[in-house]
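See the structures that follow.
Below are two complexes that have chain A in common, paired first with chain B and then with chain C.
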Partner chain A sequence: MVQVKALLAKPWIWSFVGAFLVWIAAVAFTRGHGGGGMIIAALSLAVFMVIVGIGQMFVITLGPGNVDLSLPANIGLASAVAMKVMDGNDSMVAIGLLAALACGFAIGAANYLLIWALRIPPIIATLSAAFIIQSIDISYGRGLQIKPPPGFADFANLRYFGIPVLAMLAVLLAIAAGIVLNRTVYGRSVLAIGQNLRAARLAGVKVQRTSFLTYALAGTLGGIDGALLAAYFRGANVDIGNEYLLASIAVVVIGGTSVAGGKANVPGVWGAALFLVLLLTMLNTFGVSVGIRLVLTGLIIVGVITAAGGPKAER
Partner chain B sequence: MMAETRAAFVKLDGVEKHFGAVRALDGVDLEIRAGECVGLVGHNGAGKSTLMNILTGTLEPGSGTISINGAAEGRYSVSRALKLGIRCVFQELSLCPNLSVAENTRINHPSLRGPGWRRRAAALIAQKMDEIFPGHGIDASDIVGDLSIGRRQMVEVARAFTVTDDPLNLVVLDEPTSSLDAHTAGQLLDFVRRFVGAGKSCILISHLLGEVLGNADRIIVMRDGKVVAANDAAAFDRDSLVATMGGAAAARIPAGSNGRKGEIGPVRVKARPARQTNDMELVARSGEIIGLAGLAGNGQTDLLLAIFDAAGGKRSGMEVTAPVALVAGDRQSDGIFPQWSIAQNIGIRSIERMLSGMLISPRREAELAAHWQQKIKIRTPNMNNNILSLSGGNQQKALFARALGSDAKIILMDDPMRGVDIGTKLDVYDLIREEAQNGRTFLWYTTETEELENCNRVYVFHSGRIVANLSRDELTEEKVIQSSFGEVA
Partner chain C sequence: MKKIFALSALAVLLASGTALADTSGKKIAFSNNYAGNSWRQSMLKSYDAVAKKAVADKVVAAADVFTTADKEVPTQAAQVQNLILQGYDAIVINSASPDALNGAIKQACDAGIVVVSFDGIVTEPCAYRVVVDYEKMGKEEVEQMAKFQPKGGNLLEIRGLAGTSIDDAIHKGITEAVAAHPEFKIVGSVTGDWDQTTAQKAVATILPSLPPIVGIVDQGGDGYGAAQAFAAAGKPRPTIIMGNRQDELQWWKEQKEKDGYQTWSGSIAPGVSTLAFWVAQLVLDGHKDIPHDLIVPYLSFTQDNFEAALPDIPKGGVASHEYTQADALAAIKDNMK
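Entry: the complex of A and B
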């Protein structure tokens, strides 16, 4: 009983509860058909939200005003870069991945440069960076769909014991992110800056270096996500990252990370990603039209964020 | 005394308040009469703030009764207290930093509405500021966040005395002078005497016992949630007050007991204020305690921050040869990380030393916290509790622990004793002298002239410049005050 209470006190538990309820609703509608398949499919798709979500979580935790809106464009460009470098050739996969990483890192670094050197608010800096990145992507990829090497595409769809390998790796990534956040100088610095920038500076925290690393980290994770998405969906295109604008922020906030900064929640990102994917699955099984589906998704996200924001205001 | 014959304006009987297992108030009786200033003293955590929160309706008493003007109050609340003319200036300032002084005034006066409300609010606050703090230099259109903490405190106090619809009978002043320099504090206390003389009442809470002894008609001493003494101010002196409050035995800092025994070593800091016109500069050596004095907001904090920045990189006119750490005085905006535990708040300045491999060692973090909890006596059952579970004074101790527990050789202190009780202060003074003898350098900005007695050398500031450089032997309160006004000492 005590353990249950302690579990309920964790802010991330609600995103998992939500995911579970949505799944139950979907399974009830299908009278028990395809429940397991829904979870496996949800795991596969949630991976991509988790990867960008973790990057976005670090950025949002830096404090009010910090957000990376260039992630969708970043994903699009990195997917094209990775596919072009790999050029359908399995022996080039590692180099292609490195190229995607480098591309993402460069975008993150450029974002921070705009914010720091030109003193532009992050929301505007990253949004305008997104337009530039997208234009580069359009002229670079020429709007063509570029195929991944067959080995890489197979890997992205690989399952062990029925569980997607990418999902396992994303769990490891989440665990690593949790350790980085709470047990490293960098993570503590992020949390300190998010709570009180001035106090952090006066306590000797290296504010600029930490902020730079955070935007670079978010960019890098966006880059990996782009390469993996292109492999999973067997092709890169300019729009591949579009849905991750709202999703990357929604998984952070629904997962219990404070929008005011200074308080991050890694397990919640996973729970929220599963919730969002299962929500779509549920609406699909109900057979509602695309328009209604989008309206409902938006309303539910607003509702969950309002509910999740309630108890925090009490503090 | 005349006041003895007057009827009580406020009467509290057997008021109790428990927070879980903590008995914050354990059966308190309190009587405030019209036309008197009552001093309320006690250590941090004695229950003063809780009692005042009940008096102003913020907290509901667990048991006991409240009567005002002889009538028992059944459903007492903040709005009821305001209707009855009871107001409070809280220690943790309550102004909105993003609004102007006039707009902040409007918050307390809903009747200022319709076109031109801003102008009328400005006139209201400006008139009261002029009355209490002549020559204050604050404009009603100034944004509060841009004001120094001392000036914010002046606005907060003046606002509590403005009147529109609701009457004004009793003002609770909780540490009203903690961020004010001696001159401004004097202005406020003079005003309080005039206010009380006009038949109103005032409760003065202060850790500066001289201030209470000199201005209160009666003094109430609290300890562990109880009133342990209540009598005419004349019946107390400093020593008897300290004895009644309990705790620290030594009441006065023994004069000349500064760190002379320790070695005075090489120069650690050389700094010139940016606005300095002559060749005066601040010099601090290892083992020295250097005081920064003068009226509040005359460039002392700016110089400390410049020295802090200079330690991280080059800056012209500055020489800083060792790592620095800063003890913030404005806890909320400069010091505390509100989401974190006490241990994490202490550890943040030292995380790089707590690494084992790539990761912060939880064991070392706990050890650092435990060491300083014991050394500086932080009152908490568990250092993993949230920092906000501590009283203000204990939060301040945690900030001292953060700086003193670090590898810094130079400790900058930005008026760090705001709202800290005398027992804690004496403990910290001892600690500072001990650390100075071990070779640390302290730069200590303070608004309390008494604290300068701990220093080897005092620099007096005026208008962003150093105007006097006094050694320990030359230091007198008179000289400090003279120089503070820009006169040549």
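Entry: the complex of A and C
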């Protein structure tokens, strides 16, 4: 009983509860048909939200005002860069992935440069960066769907024991992110800055270096996400990352990370990503119209955030 | 009687085939609100080719293209107002909204500017609209499906961008045709936004809950994504109606070579932008009798002719058709009958 209580006190548990409930609702609607398939599909699609969500989580944890709005454009450009470098050639996959990583890192670094050197608030800096990146992408990719090499595309669909390999890797990434956040100087610095910037600076935390690394990390994760998305969806395009503006922030918030910064929650990102995909699954299964689907999505997200944020009010 | 005169005048023009001098001093602007997908890129490319040639041939003085970065209405409205001030004689527009730009369009008309909308049309009566008969396209999808799946069965429908006139029209056509073909039943409907990625995601989420599917009726740009979603879930491949995209036709070709897979492909040709250009030029030329609502056929491919068209479509692009002035006159004539 005590254990259950302790579990319920964890802010991330609500996202998993939410995911479970919408899954039950969808399975009840189909009378048990296709429940397993829904989970596999959810795992496959949640991966991409988890990867950018972890990057966004680090940025948001830096404290009020910190957010990376350039992620969708970043993903779009990185997907095009990766596919163009690979050029349908399996032997170029590693180089293409590196190119996507480098592209994402450069975007993250450029974001921080705008914030630090020009003293632009992060929201404005990353949003305007997004416009520039998108324009580069349009002239670079010319709006064409560039196909991934067959081996890379197969890898994106690979499953062991019925579980998508990408999902397993994303779980490893989440574990690594948890270790970095809680067990390294860098991770503790991010949390310290988010809790109180002034106190962190006075305590000797290297604020600028930590912030730079955080934006660069988010950018890099966006880059890798772009390459993987292009593989999974068989082609890079400008709009491939559009969904991840709202999704990357939603998984962070629903997952129990504090929007005010200083409090991060890695498992919650996974729970929230599964929740969002299963929510879409449920609404698609119910066959509701687009308008109702959007309204319900909004209401349910508000509901979950309220439920997850309720007990925190007393702090 | 007037119509006959107009037709014969058009016929004379058609026969002479030469550019009239009347519009050689006129300037036509193209207001476009988005360039981020293959369809729009192809649209711009076709337009550019035809318009540049028209300028070189001194048919018009200028044919400039203005693209705004986002899909936002206010940006495009401001852009149209700028074009009015810059003194263009005609504006060809692919609009972000059917009605939200009507104010700006009315201002342009009042300033004596000819406005021709296509694809994303505007409802303002003073503007011209070049539209594809989407309802008929939706109907034909189901009729083609009936050929490939004579026994009937369950269908999945993939819808386009919600709230657009195009999505409504195609959906209406599909719904009506399914009512006339009781052997088919639409058992699921998802939103694909004419986008491969969105469609694949949406189909992947609904697929586990669906009974066996024999066919997919959709709106173009979503067929390849649907095929990928079925493959990823390990479900048998249904008959998927295609939308003229290169990757869709390429996939169709691979399947056909493998086991004689059959389907049909139809969509609006991005080159319809060039038709809009010629309509603007002809109106400037004094053809005031051109109907304000022009319906043009959609571009379709069948089992027999899609492979021939495939090499001409740029990799990752979409099949197009560029109109000449004569084509435009013929298309207009079809609407005056």
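Simple rule for what comes next: the second predicted complex is superposed on the first by the 315 of 315 C-alpha atoms of A that agree within 3 Å, B and C clash if a C-alpha of one lies under 4 Å from a C-alpha of the other, contacts with A are read in each partner's own complex, and residues count from 1 in each chain.
Basically, a contact is a pair of C-beta atoms (placed from the backbone, for glycine too) under 8 Å apart; a residue touches a chain by one contact, two chains touch by 3 or more.
None of these values were measured; they are calculated from a predicted model.
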Would you mind checking whether chain B and chain C clash or fit side by side on chain A after the superposition?
fit
Give one of first, second, both or neither to describe whether A:Phe29 is in contact with chain B, with chain C, with both, or with none.
second
Taking the superposition as given, does A:Ile179 touch the first partner, chain B, the second, chain C, both, or neither?
first
Using the superposed model, measure off the angle between the directions from the CA centre of chain A to chain B and to chain C, in steps of 10°.
140
What is the contact status of A:Pro64 with respect to chain B (first) and chain C (second): first, second, both, or neither?
neither
Under the stated touch criterion, which partner chain does A:Gly151 make contact with: chain B (first), chain C (second), both, or neither?
neither
Looking at A:Leu202, would you say it contacts chain B, chain C, both, or neither? Reply first, second, both or neither.
first
Touched chain A residues, chain B compared with chain C:
C
Overlaying both structures gives a minimum C-alpha distance between chain B and chain C, in Å, of 35
Chain A contact set shared between chain B and chain C covers none
Please output the residues of chain A touching chain B within their complex, sorted ascending.
179, 183-185, 188, 191-192, 195-196, 198-200, 202-205, 262-263
Touching residues on chain C, where the partner in the complex is chain A:
35-41, 69, 159, 162-163, 188-191, 195-198, 200-202, 204-210, 224-225, 228, 231-233, 245-247, 314-317
In the complex with chain C, residue positions of chain A that touch it:
26, 29-30, 33-38, 40-42, 44-45, 131, 134-135, 138, 142-147, 157, 229, 233-235, 237-240, 243, 277, 280-281, 284-285, 287, 290-291, 293
Chain B to chain A touching residues, read off their complex
308, 325-326, 328, 333-340, 344, 348-349, 351-352, 355, 358-360, 362, 402, 406
